[in-house]
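There's a structure below that I have some questions on.
Each chain carries a letter (A, B and C) given by its place in the written order, and its residues are counted from 1.
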């Protein structure tokens, strides 16, 4: 079903960002596109896909796999599959072995156990609230006037982590404000926030992670400090997948190959 | 299609007033889960179950109960206090859990329900002599208390007839659920038919069940991925549409509101029909709210699963439901040890399934379906 | 078996006491006084150390209990008297949960249970204790394995599910003592049911312990237990004096023996000594807090991980909790005790606990406490972990304000899970509450 030169496309419309990729016959990403999600998914996705197809070195033709929470609103999709299956597929393509994938997204965090053949064996997701997602960091770093990109560097400067006990985003916000008022250094708080989030995600993974290799994808994986905090929490190394944001879109594109 | 219970408030209301007018029946709103329906039928009392109702709480009184208490109880207080159940003559509170126990004093004692109140305390723990003696007395006392509404005592013959009627209902419900694969309707239609039993007069319900069973057809086989489901109550009912869209159907059921109230070994009629009612208390599938030994409950779940040929298990919880939540780790452990995929969902009596929950359902069905996924293979 | 029994007895009578004495000696040398300026409390209660020793020896001895004597894990509202007559050593998973929470071990232990699939919406005692059962991690060093797990529904139904899970995990017999909830007045067939179960329990206890217990022996333990409850009640009642010689935060601490050692002479001896000390404090005009200006009633279980912070906050502002529905629970049934009929009176006592009766009774009990202890305010702890204690609290607040004219605050917290506690929000609410008295 792939295009004349073996090319397929994948789009992952997440709650925070829209990701689209073009993949060649070998499964390598040859072009990609990332932008913030707007409420007008139909228009936005078609525009983004048109741009991607134009830029694709293998030509703009080929089937499209759609995933992400906006997956059902992509008019030109050839196949619609959930982000759980797509992340597993994309990750397995990159790592070629079984393990546990933590997809750390803006408003969703998923833990997916990938089997020996790339199949989904089990998965869990965070509950409805923002605790345990990238949004938690975003909101509270915003209160501290720390840009997301600087969070990792700042966490490195921390002398020691300040314990942030509230995992509820709303409670944590006021807790952090009071920590600042009590003169706690901001880098220590930032590190504490990462730890708090890591413990929440580790709890989400529960026993699924035990004794298995752990991989990380999703936009939050770009934040080095988060990967470090999570590795410390689960007491095991974590491999951050290359271009972690694109793993879902990659899986979607792989899913429409013949 | 006939209306869903709970959702069609007006449908129920109309049915209730028709029952009152045409049959002179008194009506009891009944909180979940287990209660002696045969006894109510025998006393010409219509039971209308109150599972919330789902949706946003009706009126401000839900605020009188903390948000960490389940939506069934918070919604029920709001519903009662806002006059939602004004058409009925009394409320029966079974002793199901700590929260319903609290509601059963809060609503009548501190505002929310001014009409008649009845409580039914079923024994906790395994079948033993003390609990048999107790439940018999409890049933007798309840029957006497209900005379406040009916102004007539319980007649043993009427109880015998009610038992026969309900035995037939249980058998038909079991048939529909157990032969799901041969039933050429979707889950939504099946569950609607089953759940109308929550408010219909038993013989009306029986008529509808017969109609539903008439289309059972051994030559057809339900297409799609079969799953088993357990939980408190199938709300929101759109869970069945989500399963259907994802290409799955429910082949075995352990919802406390549905499958767990189907008694397959319905006791034989004893000389004294009250003895049959006592037997009935211990005859149904094990339920968390009766404090039955966990292993027994999970054994039954496993047998049901194996018999049904389901490909996976969905645990569909109502948030904050303590009796159910304590069983979840053991259920998971047992099924995962068998290599059965398990999906855990949580809802709070919303009208619609959250988008994220739909994604989980779809991903779960994708996971169960043995469709070959091409991974990394170069074409 | 015999050598195990010897170990057990030696631990309780010799090694335990020696270890305690040693520890106290070391601590005494290290102990420093806090500067009196920022200390809002009265001088510490001297007996406290004795109680710590009493409990420590009990826990210490417990390490050798299994194999030496029959062991039961039971709920706080369970008739331990009956099991004690059969020679059982009792373990209280609830107390254990509270202890773990007070020692700030809760999040770590709960994480084990949560990892195993226990929802974070479940009672925090249960999660903590199940985490401990699953991991073997406990601040007590070692908890003896039970021969029987037994739960009584007179405090909640949660314990039925929780203890059932423990019994299942450990593969131990499980006994449910079902006390039908009392709406309005007691019903005779409910009380008969409880009596029947007490007899069934005797059979179970006899089978496990291999002992036959006479009515006289049973009565003897019960009489000791009732004496303990009476003494505990007298200690609590001393708080009717103004200033109260001790506060509810002290009551929470000192309730350990009446819960766990009820029916033993050690328990009664302890409360006699405590009572003497409290009488002495009253004679000398010593208060639990230095400057008692307002007297409060506490409703619901203590917030164990925040006891220190909360007691200081209130004491600093001149507020003293003088009574609590929680601590009152271990004396409230005493009027139903009838030595001529232990079986039926026990059934009634077990059914009468505040959490096994309706909200009207709860309001009656609270009103009585407010009047007897001359409280001018109430703090209702809305406890995320405890549904039976918390459902209806907003209505109780309204009724108390309306009918008694007292000031009432509700705080949203949890008896054991610090993650469900927002310091800032609670403090702000309580400060505003205290300001309203000015």
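Everything below uses one rule, namely that contacts are C-beta pairs under 8 Å (C-beta built on N, C-alpha and C of every residue); 3 or more make two chains touch, one makes a residue touch a chain.
Model, not experiment: these values are computed from the prediction.
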Common touching chains of chain C and chain A: B
Centroid-based (C-alpha) most distant chain relative to chain C: A
Intercentroid distance (Cα basis), chain C paired with chain A, Å: 47
Inter-chain centre distance, chain B versus chain C - centres from mean C-alpha coordinates, in Å: 37
Inter-chain centre distance, chain A versus chain B - centres from mean C-alpha coordinates, in Å: 39
Per-residue overlap in chain A, given as positions that touch at least 2 other chains: none
Interface hub residues of chain C, defined as touching at least two other chains: 116-117
Where chain B touches two or more other chains at once, by residue number: none
Chain C residues touching chain A - in the complex, by the definition given at the top: 107, 111, 114-117, 418-419, 421-425
List of chain A residues in touch with chain B within their complex: 2, 6, 25-27, 69, 81-85, 89, 92-93, 96, 108, 117-125, 127-128, 254-255, 257-258
Residue ranges of chain C in contact with chain B within the complex: 116-119, 121-123, 126, 153, 156-158, 160-162, 164-165, 168, 174-176, 178, 180-181, 183, 187, 189-190, 192-193, 196-197, 200, 358-360, 382, 384, 387-388, 390-395, 398-399, 412
Chain B - residues contacting chain A, complex: 336, 341-342, 344, 346, 354-356, 359-360, 362-363, 366-367, 373-376, 378-379
Chain C contact footprint on chain A (complex, rising order): 165-168, 171, 174-175, 177-178, 199, 203, 206-207
